[in-house]
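Labels run A, B, C and D following the written order; every chain starts at residue 1.
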Amino acid sequence: MTPSLLYAFAGAALCGIGLFGFIVISHLLRKLLAFNLMGSGVFLVLVGLAQHRSGPDPVPQALVLTGIVVAIAATALAVVLIRRYFHLSGKTALEDPARDTLPHQGPREVREAPRE
Amino acid sequence: MTTGALLPVFALMTSLTAAVIIFTLPEQKHQLRTAVNLIAAVLKLLLVGLMIWGVFQGREYGISFPMIPGVEFVLRADALAMLFAGLSASWWLLTTVYAVGYLEDSPNRSRFFGFFSLCVASTMGIALAGNLFTFFLFYEMLTLSTYPLVVHRGTQQALRAGRTYIIYTLTGGAVLLFGIAMLHGFSGDLPFRPGGHFADMSPDLQAPLTLVFVILIAGLGVKAAIVPLHGWLPTAMVAPAPVSALLHAVAVVKAGAFGIVRVVFEIYGLETANALGLLWGLAAIAAFTIIYGSARALSQSDLKRRLAFSTVSQVSYIILGLCLAGPVGVAGGLVHLVHQGVMKITLFFCAGNYAETLGIHRIDELDGAGRRMPGTSVAFTLAAFGMIGTPPLAGFITKWTMGTGALAAGMDWVIAVLVISSLLNAAYFLPVLNRIWFREQKNAWPEERQWGRFETSAWLLWPPLITAGFLVLAGLLASASFSPLGWVELIVAREVDL
Amino acid sequence: MIASPLMLMTVILPLASLFLAIRPQWQTIYRYSLPLLPLPAILAGLMAELHHWLELPWLLIGGLWGLDELRQTFLLLTSVLWATAGIFAVGYLETRKLRPFCLFWALTLTGNLGLIISVDLASFYSFFALMTFAAYGLVVHERTDEANRAGRVYLAMAVAGEMALLTGLLMAAHQAGSTLLTELPGAIAESDRSGMIIALLVSGFGVKAGLPFLHFWLPLAHPVAPTPASAVLSGAMIKAGLLGWLVTLPFGELSLPAWSNTLVVLGAIGALGGAALGLKQVRPKTVLAYSSISQMGLITLMVGAAMANMEQAATLFSVIALYALHHGLAKGCLFLSTAVELPTQRRFRWTLWLLIALPGFSLAGLPFTSGAAAKLAMKAELKLEQYDFAVAEYLPLIMTAGAVATMLLIWRFIWTLHQSARRGHNHPFKWLGWVAATVCSLVGFWFLPGARSEAGHSWFVLTPGELWSLCWPIVVATAIAAVGWFTRGRNGSDLG
Amino acid sequence: MTLWLMAGLLFTPLAWAVLTLLAGFRRGRVVTWLGIAIQVLVSLALWAVVVRDGGFQYPLGGWQAPLGIELRVDGLAVTFVLLTALVAAASGLHAGFYLDPDKQWHRYFWPLFWFLWAGLNVVWLGNDLFNLYVGLELISLSAVGLVALGGQSEALRAALRYLMAALLGSLAYLLGVALFYGEFGSLSLSGIASALGQDSSGDGTGFALVLMLFGLALKTALFPMHRWLPPAHGIARSPVSALLSALVVKGSFYIAARLWLELGAPLGSLALAQLLGLLGGMAVFWGGWQALRQRKLKQVVAYSSVAQIGYLFLLFPLTWNTTEAAALQAQQAMTLQVISHALAKAAMFLSAGNLIMSVGSNRVNALAGVSHFLPFSLFSFGLAGVSLMGLPPTGGFAAKWLFLQASLATGQWWWLVVLLGGGLLSAAYVFRVYRASFVEDSNIDHFFHPARRLEIIPMILALLSLGLGLMAEPVLSVMALTFANGEGT
């Protein structure tokens, strides 16, 4: 058990926690945080595993850097969308959208969508 | 590229181009559209005539290029192809003329004629297809291009009929594709070849070949309206008359029958199919269809529905003819491809005339129609007698040739089928004729319209008269070398390896 | 070389006349052209070379037309009868529904003439079918319920007959490997299914020929048709069935005693049963229709006999032709007379009655009439010693009974006609037609080739035996009729 | 020459993204036209180069892997690049006229559009796993942005769902990449494959493959992970839907297919292959069935995408442990299916957009009578539908045919049920739309007529998809071009 492997296992654990949160939590912001947690876990696995095998390696560092940038971009986009969604609908969670199937499925008449 | 390669392509392109032009023409340009239609139709007829002459002289026309790995796109004009091509080209011209008159003042003509041209292009493709794959290509194209024609009126009834039609035909297409794929799986790309490909097959191919045959026939049988796959045909009657004429007489049912001809002759080979015991089953089904269709026709009170069931019955003559597996019987079946076409197209033209001019749809409204519309009624009468098989009309030639073929093949029961069917035909056509000619008009016509100085519009009157004339000539001059029978005998001599 | 154009014209002229039906204005022309339509056929019958074959290889499945002795007789009979009936029709027809009548007349005529000159099977069958179906238009011409019912029965039986024919001809032609009628008899004789083929052909043509049990349409259809049409139906078209038998069945190829028995029995049933039923009828045209069944029954006897004896077949043929000729002309004439209005002067009326009755008596075999010739020829041919099939011994008896029955029917006819005849004025063409028919039956007959061919026998020099054999049935029948008439008269039931 | 081409291909989109971000919608439109022209030309030129010389590996900027970015330019990649150029150009042109220029949010369409394009090109050409990840993320994020573009809460909800699914998928993929790198110390696909070939001690890498395939399948919306797709594709503006359905889902699938073809043989298993095929088959049926029941036109088309994507996954069972010929057929089938579906679906969404614009409602039943007024768009819709149904002579048919042949050749006849039944189901939903448009009893007579140019674009796409079946052979011959002239240039 090298420290690198420990990192990797910690990363895997983080991934698991993050995944759990991502699936269970419905509040969007917390879901986003869970995603970030998961992301960090993956980065840890990436760096930890690589160093466990082949010693210090610059490549994973570079990859993780890039990955963090991507994650930040994603988080930013998500925050923007969540915020706007909250403004428009007043909700912080995604519930099941109305099903738009033929009427025999349920008595509820689906309301007309506005003109595109 | 030589003219040999170009002729079939041109024949195909004339109607495709016409379709494209018509689709892009504005709805109001009726005259221009009619002109495009007629020019294309005449042009196509000329091209096909040219090819027929060439084929008669023994020339070969064809083109092929690879389409999908392992599969070629093949167009080839052989004598059999020209039989069907000639049929569709000539009837296209007449049906176009008829449709122009029929759809006068109705909406959506641009759409109608566009799809109409596409439909004929597919029929031409079916005729010229040089392998099963190309055949399938146009076969499906035909399905698609006829759907808008069937639902053309847009009424609920039409839409329902369209749905039935499309369900039947597309399922049939899928089954056919399955069969073609299987065949392709164990023998590769199969061009149509006289005598077929399985003359000396290994015994372990027998079982799969039999299975594939059944699948192929089931797929083709939908369009050929073999019982129990015929359900779409009577429902499709809601279509406008020119469409029914085309569906029933030329394009759709014939495509199925023609496909069966190709499969039996030029994929399996008559002898192989016979050796596998496949023809016997096919003959039994065809015979049943013949009787069943006629019997059902008896109880229809709607004129077009009666004609539809009559089609169900008549198309199976073609198939039954093949199963006789002898030169004469085969000729009888093949010649019925033309004869049934000309008779049925006449009947539908006439039914359309009655409906458009007098508003008559049901048989009991026909009383006294002969006096009001003598020309149409004469054509109808001739065609009906042809269907019964009365000499000297075209239908007699079919029945006679098939009967002789049946005796030659030792299948005497076929004669019984022919006789029963003729009796039933007489039973459902003669009362109609009796009403037309020998009953006094009882009530006012449901919806009469005066149309020019003839009994109806000249556009509507001439096509049935011409086809009626043709069906008389096809019978009278059957032994002449240019008659359908003459051509079919050429096919049998040249391409059916017996 | 006049045969070919004449034969073509025989068919083409009536067909071409259809164009006259296009415009209503032309119907008068059409009416007057009716007697002219069979003219080429008459000329062909009189002038065309026999055994000259007109080949039409492009026609149907190969056409061949021509005349031989048998066909010549039938052609003359048919065309003469149609011509006289045509003349009669000019006077008979009303303007209403004139065009359809002329149309169907011409079509039926085409069929009737065409089938006679056809030597190949397809044209023969085509013309036969044309005649059958076009005659429907004549049968239902009046559009009464009765006519419609008759038409329905006629059509149903005709279609069934056509199908039997189609099957029989198909099988025969397949056996022969040829579509020439001349090849069929030989082929049928060799076929291992000859019984079936013969059965199909006998019944198929039998429908038209009024064979018993296939005759139901006949007493319904013949009377309801307009009178000129009845004349040709009963006089000419019924013979088409007979001709069919003669040209297809294997006469002279092998002897078929079983078939002889069947046909003779059927003929006897027709001859006697038809007469019996006819006696109960009240309308003159129905009586005549049954008389036709009866007469055809007698002819069927000869056909049956010809089946049995190979050597006799050829001579029997000429007798059958003679009989057909005689019966056709006489029956046509009788039918026409049902529509003749009686003149008002008593003297003319009696003359007329005589002229009406004469063809009838001729049917019964009155000496010095065509009937006598036919009957004597028939008797001479049906001599017992030539035949050895089972029922042959009854032939003379049947013939004699038939003669008596015929005469009785004629009396019945005269009586019913007398009941229904009206007095009045006749259209000149009606007169002309009727007179022409009567003249043809009584006089013209002797000059027609069919009668002339029996020239070896001088029909006008009769031995006492012959005279007796001809006369006594007439006398007996007349006596029975007289008794019947008096008994009825005493009961005062019908005579008004 | 090649340098300029590669630079043009990858950097113009990025540059144009920045440029259009600075401009408004209208100016951005004009700029975009120029960009589209450049992109199409460059794509064509690259395609021509590969057709002439065969494929090559291209280290970007001269930097070698692993730190540098190495591009893999082979026949398949350039075919997809060209496809992207075509579809994106069509959608872009269509969007320029279709979107309302006065809506404030629409100005962001252009930058997102260009980012998307850049990401797609990266994915087609990328040769190492991490670059593919970056490309995927670029695609996902810009696609989510496009879905959300100026929409109401419905659109945002759909976008968020999409985003969440995409992020989860990306992380699963990335985790797989991490595991691979940890095992082999290489990011290049070919490197991993050759390492696997030398010693098959890659324990646990099977799990990595499964993880990556899971992530990619989620992004590709394979049944039953498809739930995010229909709302997102259905609610987006039509040109956006066209881009999403035609190209975006294909990006992740392309990576999955590449992974499988390179690593599937050593790492995959029969069960995995069959499972993926099975899910694909179920997607075909479920998607088709759902499409049949949708009330909204674009939902029909969106569910149809779910179904069509299902066909692609037949690649997995048909290439695992099968003869070379059958595997080749399956690959060709997959390629044709990607191309024809891209063209057809883009045509379908664009024409659906025209139809909706014309009748002013997005319900299927509102189409009554539209065949009078908009036959052209309806015809494009129908032609595209023919390809989806897999009827000849379309590309869809060619794909289906090859799948059929491959199934028969490998004895896996059960896929025939999927192929034939799926075709019938697609026919059913396409004809449902057609049927609605043929209804004559509608009294609506105020139709808005979209500009002719809006109608022509989908028609061209539909015709291309139709013609693909006839031209399948040459297209496939380009696709088959690998590195004919040796490795690297």
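Keep in mind that, in the parts below, a contact is a pair of C-beta atoms (placed from the backbone, for glycine too) under 8 Å apart; a residue touches a chain by one contact, two chains touch by 3 or more.
Listed by chain with UniProt protein names: A = Multicomponent Na+:H+ antiporter subunit C; B = Multicomponent Na+:H+ antiporter subunit D.
Just so we're clear, the structure is a prediction, and the values are computed from it rather than from any experiment.
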Between A-D and B-C, the pair joined by more C-beta contacts: A-D
Chain whose averaged C-alpha position falls nearest the assembly-wide average: B
Inter-chain centre distance, subunit C versus subunit D - centres from mean C-alpha coordinates, in Å: 86
Euclidean distance of C-alpha centroids - subunit B vs subunit C, Å: 44
Distance between the centres, which are taken as Cα means, of subunit C and subunit A, whole angstrom: 104
Gap in Å, rounded to a whole number, between the CA centres of subunit D and subunit A: 23
Touching two or more other chains - residue numbers and ranges from subunit A: none
Where subunit D touches two or more other chains, by residue: none
Graph class of chain-chain contacts, one of line, ring, star, complete, other: line
Pairs of chains satisfying the touch condition: A-D, B-C, B-D
For the subunit D and subunit A complex, residues of the former touching the latter: 66-67, 130, 133-134, 137, 140-141, 144-145, 148, 152-154, 156-161, 163-164, 167-168, 170-171, 174-175, 177-179, 181-183, 185, 187, 231, 234, 237-238, 290, 293-296, 299, 353, 356-357, 360-363
Sites on subunit B touched by subunit C in the complex: 385, 388-392, 396-397, 399-401, 403-404, 407-408, 415, 418-419, 422-423, 426, 430, 434, 437-440, 475-480, 483
Residue ranges of subunit B touching subunit D (in the complex, touch as defined): 23, 27, 65-71, 73, 107-108, 110-111, 133, 136-137, 140-141, 143-144, 147-148, 151-156, 158-159, 162-163, 166-167, 170-171, 173-175, 177-178, 181-182, 184-185
Interfacial residue positions of subunit A with respect to subunit D in the complex: 8, 15, 22, 28, 31, 35, 38-39, 42, 45-46, 48-50, 52-54, 57-60, 62-63, 66-67, 70, 73-74, 77-78, 81-82, 84-85, 88-89, 91, 94, 97, 100-103, 105, 110, 112-116
Subunit D to subunit B touching residues, read off their complex: 329, 332, 369, 371-372, 375-376, 379, 382, 386, 389, 391-393, 397-398, 401-402, 404-405, 408-409, 416, 420-421, 423-424, 427-428, 431, 434-435, 438-441, 469-470, 472-473, 476
